[in-house]
Amino acid sequence: MLEAAQVADDPIARYAAVRQQTEMLCRPLAVDDYGVQPMDDASPPKWHLAHTTWFFETFLLKPFRERYRPFAEGFETLFNSYYNGVGQPFPRPRRGTLSRPTVEEVYAYRAHVDAAMRPLLARGDDEIRARVELGLHHEQQHQELIVTDLKVTLGGNPLRPAYRDDLDRTACESRPATFVEFPEGFVEIGAIGAGFCFDNETPRHRVWLRPFAVADRLVTNVEYLAFMEDGGYRTPALWLSDGWDAVRRDAWEAPLYWYRDGGAWSEYRLSGPAPVDPHAPVTHVSFYEADAYARWAGARLPLEAEWESVAARYGEEVPAGNFADGGRLHPRTPVGSGMAQLFGDAWEWTSSAYVAYPGYRPLPGTLGEYNGKFMANQVVLRGGSCATPPGHVRATYRNFFHGPDRWQFTGIRLARDAG
Amino acid sequence: MLEAAQVADDPIARYAAVRQQTEMLCRPLAVDDYGVQPMDDASPPKWHLAHTTWFFETFLLKPFRERYRPFAEGFETLFNSYYNGVGQPFPRPRRGTLSRPTVEEVYAYRAHVDAAMRPLLARGDDEIRARVELGLHHEQQHQELIVTDLKVTLGGNPLRPAYRDDLDRTACESRPATFVEFPEGFVEIGAIGAGFCFDNETPRHRVWLRPFAVADRLVTNVEYLAFMEDGGYRTPALWLSDGWDAVRRDAWEAPLYWYRDGGAWSEYRLSGPAPVDPHAPVTHVSFYEADAYARWAGARLPLEAEWESVAARYGEEVPAGNFADGGRLHPRTPVGSGMAQLFGDAWEWTSSAYVAYPGYRPLPGTLGEYNGKFMANQVVLRGGSCATPPGHVRATYRNFFHGPDRWQFTGIRLARDAG
Amino acid sequence: MLEAAQVADDPIARYAAVRQQTEMLCRPLAVDDYGVQPMDDASPPKWHLAHTTWFFETFLLKPFRERYRPFAEGFETLFNSYYNGVGQPFPRPRRGTLSRPTVEEVYAYRAHVDAAMRPLLARGDDEIRARVELGLHHEQQHQELIVTDLKVTLGGNPLRPAYRDDLDRTACESRPATFVEFPEGFVEIGAIGAGFCFDNETPRHRVWLRPFAVADRLVTNVEYLAFMEDGGYRTPALWLSDGWDAVRRDAWEAPLYWYRDGGAWSEYRLSGPAPVDPHAPVTHVSFYEADAYARWAGARLPLEAEWESVAARYGEEVPAGNFADGGRLHPRTPVGSGMAQLFGDAWEWTSSAYVAYPGYRPLPGTLGEYNGKFMANQVVLRGGSCATPPGHVRATYRNFFHGPDRWQFTGIRLARDAG
Amino acid sequence: MLEAAQVADDPIARYAAVRQQTEMLCRPLAVDDYGVQPMDDASPPKWHLAHTTWFFETFLLKPFRERYRPFAEGFETLFNSYYNGVGQPFPRPRRGTLSRPTVEEVYAYRAHVDAAMRPLLARGDDEIRARVELGLHHEQQHQELIVTDLKVTLGGNPLRPAYRDDLDRTACESRPATFVEFPEGFVEIGAIGAGFCFDNETPRHRVWLRPFAVADRLVTNVEYLAFMEDGGYRTPALWLSDGWDAVRRDAWEAPLYWYRDGGAWSEYRLSGPAPVDPHAPVTHVSFYEADAYARWAGARLPLEAEWESVAARYGEEVPAGNFADGGRLHPRTPVGSGMAQLFGDAWEWTSSAYVAYPGYRPLPGTLGEYNGKFMANQVVLRGGSCATPPGHVRATYRNFFHGPDRWQFTGIRLARDAG
């Protein structure tokens, strides 16, 4: 394998590295695992493999490669996710019914596109470079989804099969949390312009913050258990109205993947079932649960601007990545002193609705559908999880999910007013 | 009737004036109209009459009036809207099935509570005064809902009956819209502390705004028609993703209440069916439609802080009210020069999600359920509509509805970046 | 009031008697009660009053009365139930949203149609006579629905208001049930041709029956309670698959209108709440419950041909009617010896699916939609309930409802194989 | 392969033949095809393979084989279809989410059970013999479902892949249909007692039939097209009420799998897309469509007793089977003179609701859940389709599906009253 530095400089190597990483994630899968869609919001691994390829075919090969012959005509519709500018997408909730193309054909599709991409990658054209970079970051987002969507499939199977056997299962250690204070003042948030960013991170702009404090680590399972044992799921006063509706409608009483095993709580992990690890950060909680927990704890969730300003200060610690290092998936970065677990442990729910930054302009053309059209009814998350690919996350990165969503590795960092 | 000034000073007179206004709104109704619930989000007039009364009984009479005898025991549950602190509310979508209590009994309930309130109103107790004031503003909010919910009932009836015959039906006049520019800088938004406000308007705080411009009047029907005729409802690129889903799911092709009448568009108004008035502000559009229109027009919706800073500057123009003056309901304030139609014409969709102001604290106890628990998945509206009661709206007032909601008198003011 | 014999001979008097009976049933109602639709399958009393009138207007006045001026044009659509031959009916689940026409206007509509019918009633025309007769039997069916639908409204209201105060509340007496045996052989079932019948009762035809036995009275509440206490609602082996699904989906654990009152079972009756009467026939059970009870009891439900052959033999006992006699509604006919409670106590679920008799021909034209198009997915019931109007039921009468329906006064008579 | 006669005599050979036939049907599949569930009513091939095996494990090996070691513990729940007597089945609509066990493991499961069955098959025990026979007929039913369910998956894929390439695609020939008359009288229907039958075919009993006539072949595509072109799908008077609701709700305008291809109609077949074959029997129509077609044609559907009495007379023609002969799947038996296409062409909708025969007793114990509990809301079909396995169908066989179901090879034979 190439050294990371080489990869970054060589567009062909970089393209290959990201594309291979996607396939590496699928290596532990049986063919049977590739086609399953366990819920409307999740997609089969096969679909992710094909869709990320479709992206390069649609936005690079078709417009820029002369005489490009598409691998198969019907794929334009089948593997379009939501780009209305590329015709009517195949209905999302039916992705799990597509037994064809087969896994083998999808890998052939990937190889076909990868081969056709090679000459394009070598060109110096700025638009092409930018689109390739977008395509690779897009693929990395789907790398994370491959893992989280697969966890829904395997974790929902009564047999609870493991995704991999070689994942680190060491118990986490913890220490008391401390709130670190920050004074009022202007902060600048948004992408600086060096390196890739999504359009939703722009433009960089000033935000006025009041004095605030942020916890120096994530909330742990044992802390969350105290909330549960204190009747958290039975106390409407702790919940947003929509959250309370979700609690009752879906009979929530613990994070997703937790289940009672005799007297104790166990959870399904990608390494298989295990007792809940007390000092690991709690994950797979919805925004509503994060918000209720914070209220119960006499705190609140951080604003995204608060989070970003803190992360910018401590940001050098962005980890090399979890998957690349040979397999840690569930156990997370150690909790040292200082502002810990900012990156690569759990996506941290903020209290900020996902809306455009002032002066925001989406990308031109169909690619403008990438981010902007989702700026309603979602909540911003920051920091990246243990399933986020190496090199993909940064302090300005804005992830977003709906309030009830729990299938991502989502966690809680507390904040409060200060001063 | 008392003069406005007297009313404001005399708590008993003020209480009576607001309570009478509610009943005045129902005077044109047949008994048959009182019980209908035309959709889950709307409530029957009878329920509004009783629920506003329940508010005084629950939060004033039961805690503060010794030996108070409730009018009827079952009402505590029947007319609780959503306060989990007062037991399990009767299911909202079934309010239209409650034929009992009868309208006559509900009016008797009102009289019973009003009589019992009188001694409390005379007391100087601060907590009581504050709660009474909250109850009256609460009742005013339901005055508006009585009108908007009734419009759903009458407008959805194929017979299209009028609510009142005596409403002004004069056509509106208009003039070209101009964008007024404002420089970057700090603005202060939120309640100042003089006079009543809801908890969600607090605390007053500084917000940093970039240079922006705001249109000096609302978008008119004829302008909106141009968007429709340009294929606005058939162009996914103009829409938020959730908005486009709504367009297709609910087959939207015009504002609510519009219908084709031969070749032309007519609309149902509270004064009965009529051709669409070209120069009246467009109303009954969802947030998604407002947002799509703005994008089509090369503009955007204002931030709530932008809106409030503008309104604060022009705020003296808050109208005496529409209903009080003898009946104008649909035709709205004349469009003079300057920043017109800020108050009392249409609730103006902003681009701001409804979230807590920094440092926000809900009211203590069960009354804390009034606003805070709805701070998710909704959008802020400002300004008040032709159905908003006199004296109820102000520059700092934050209304909120869901993105797809169209049954309020909701309209569009354009904004854009400047400088 | 006319004597029954006179009424039968005089078409004008008969018409008036039936029409007045409908209005008499509504006399205890508040205006508030007239408009409520408590579930999709039920209709508001006002709608029943108007729809039965619409029937005469549509099928008699418009085709046969020259220069008839309809009362109001929109009613043709509003009050059409399901006749596709008369244009698109107003959506059934939205009948409760029609606050207009008002109750007063609906009574005026009735008066208008009644006046216009008078000359037609005097004519000797056979087609007119037949249609009038059909219209009156149709109206009688809706008389029963007025009562059963209203019971859903009042019984679902937490205040549990009584429909009438003057109903007999005497407890029922009972005696042990006996199975009466009948030998194998041909029976003839279907209308004989003397007197009115619906098309679904024709043609009369032979059916071969094996030896069977039928219980000489209905199953009582106390007997049904034994089934409940024996875990009937928790034993899947007793249930049809669709029935078991309904038990779990709707959390059935007792007949409709039963509720636990401390340790004991009470029920809502039209005379108000009361402890369950042990010896009264159990009512408000679905076909699935009737079938499960029968299986539990080592018996089965009768075939409709079995029932009719038995009823034909004992049929002289058809009661004069329950409502006419001044008010008995819930307590039912006394259980003497012999084959008791065949008519006017509860609609008895049979084991027969509702399908056409061999050689069945629907009425010509739009009136052919009356019965035939419902011959799928429903079950035949026989005998008539305490809410069935006087003179409306007969041995050959085929009522039909869906397996899960419980809001009619439906009960259980056991049968079994013999010989 | 053994000769058919040998197979019938030798229980081990017969078991092996049926089990192998199931696997032969899956031979054309990619691993990818095995796991897909295209709709709630259909199941993945993998599930069928496992469930039929589960049947032998649950009802033979566990009760009769000492020290039997189940292949894997969780399978008891995973592959239980609906037997409440064997614990809570895994939810049917989620069968497509079970990526594990893999296809390979399921085949190992089959081998494990087949090996363990061998000693049991050799025993002379009557109960065992009867259960094995039931298990094999059960497996044959699932052989048909494997094909029909797979057709939903492949036919719903925009790529429309073929199931097999080697199927006969010769166009059908036809001849004018004639109605054959039968006199009134008793007929006997139900199983005679020689050879296997399901409990729902018992007891044999007399039924009195009036004179009737039955068409001597099935309705063809070109005949059905005439109904379509005459506005059949737009004429409510032709439809049962529930059928008309289905037409509008699901926008039916042709049989399932038909689609417009330019000006003409094509259909998806298991051999791939093709123009509709004019003289082939129409298939994939619901009961509602069959019933509407018959009404349009001035005829009706046959009673199941009519059908069985006719089939008993012509029954020698039961075909050797379609799959065994090397592949015909869509083209069907030739239409000679006489009563053609009774067996093995299309399941023929009757007008009979699926209810118990008089005197019916389900099998004792959990196996009693096989048939009886579905005797509500379904319609009887007779005759078997081109996907029915060889030797599985007979004149007394009662199949049953719901009125709206279209994914089986269901067709139409007309009948009418005579005499």
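Going in written order, the chains are labelled A, B, C and D, and every chain counts its residues from 1.
In this section, contacts are C-beta pairs under 8 Å (C-beta built on N, C-alpha and C of every residue); 3 or more make two chains touch, one makes a residue touch a chain.
Since we're looking at a predicted model, the values are computed, not measured.
Colleague: If we define chain centres by averaging CA atoms, which chain lands farthest from subunit B? Would you check?
Modeller: Centroid comparison gives D as the farthest chain from subunit B.
Colleague: Can you work out the whole-Å distance between the CA centroids of subunit A and subunit C?
Modeller: Taking the average C-alpha coordinate of subunit A and of subunit C, the gap between them is 59 Å.
Colleague: Could you please state the distance in Å, as a whole number, between where the Cα atoms of subunit A are centred and where those of subunit D are centred?
Modeller: Roughly 46 Å separates the two chain centres.
Colleague: Using mean C-alpha positions as chain centres, tell me how far subunit A is from subunit B in Å, no decimals.
Modeller: Their C-alpha centroids are separated by 38 Å.
Colleague: Treating touching as the only link between chains, describe the layout with one word: line, ring, star, complete or other.
Modeller: Drawn as a graph, the chains make one closed cycle, so a ring.
Colleague: Between which chains does touch occur?
Modeller: Result of the pairwise touch check is A-B, A-D, B-C, C-D.
Colleague: Name, in rising order, each residue of subunit A that touches subunit D in their complex.
Modeller: 30-38, 46, 72, 74, 77-78, 90, 94, 96-104, 153-154, 156-159, 161
Colleague: Could you pull out which subunit A residues touch subunit B in their complex?
Modeller: Contact set of subunit A toward subunit B: 82, 84-85, 186, 205-208, 210, 236-237, 239-244, 287-288, 291, 303, 351-353, 355-356, 358-359, 368-369, 373-377, 403, 417.
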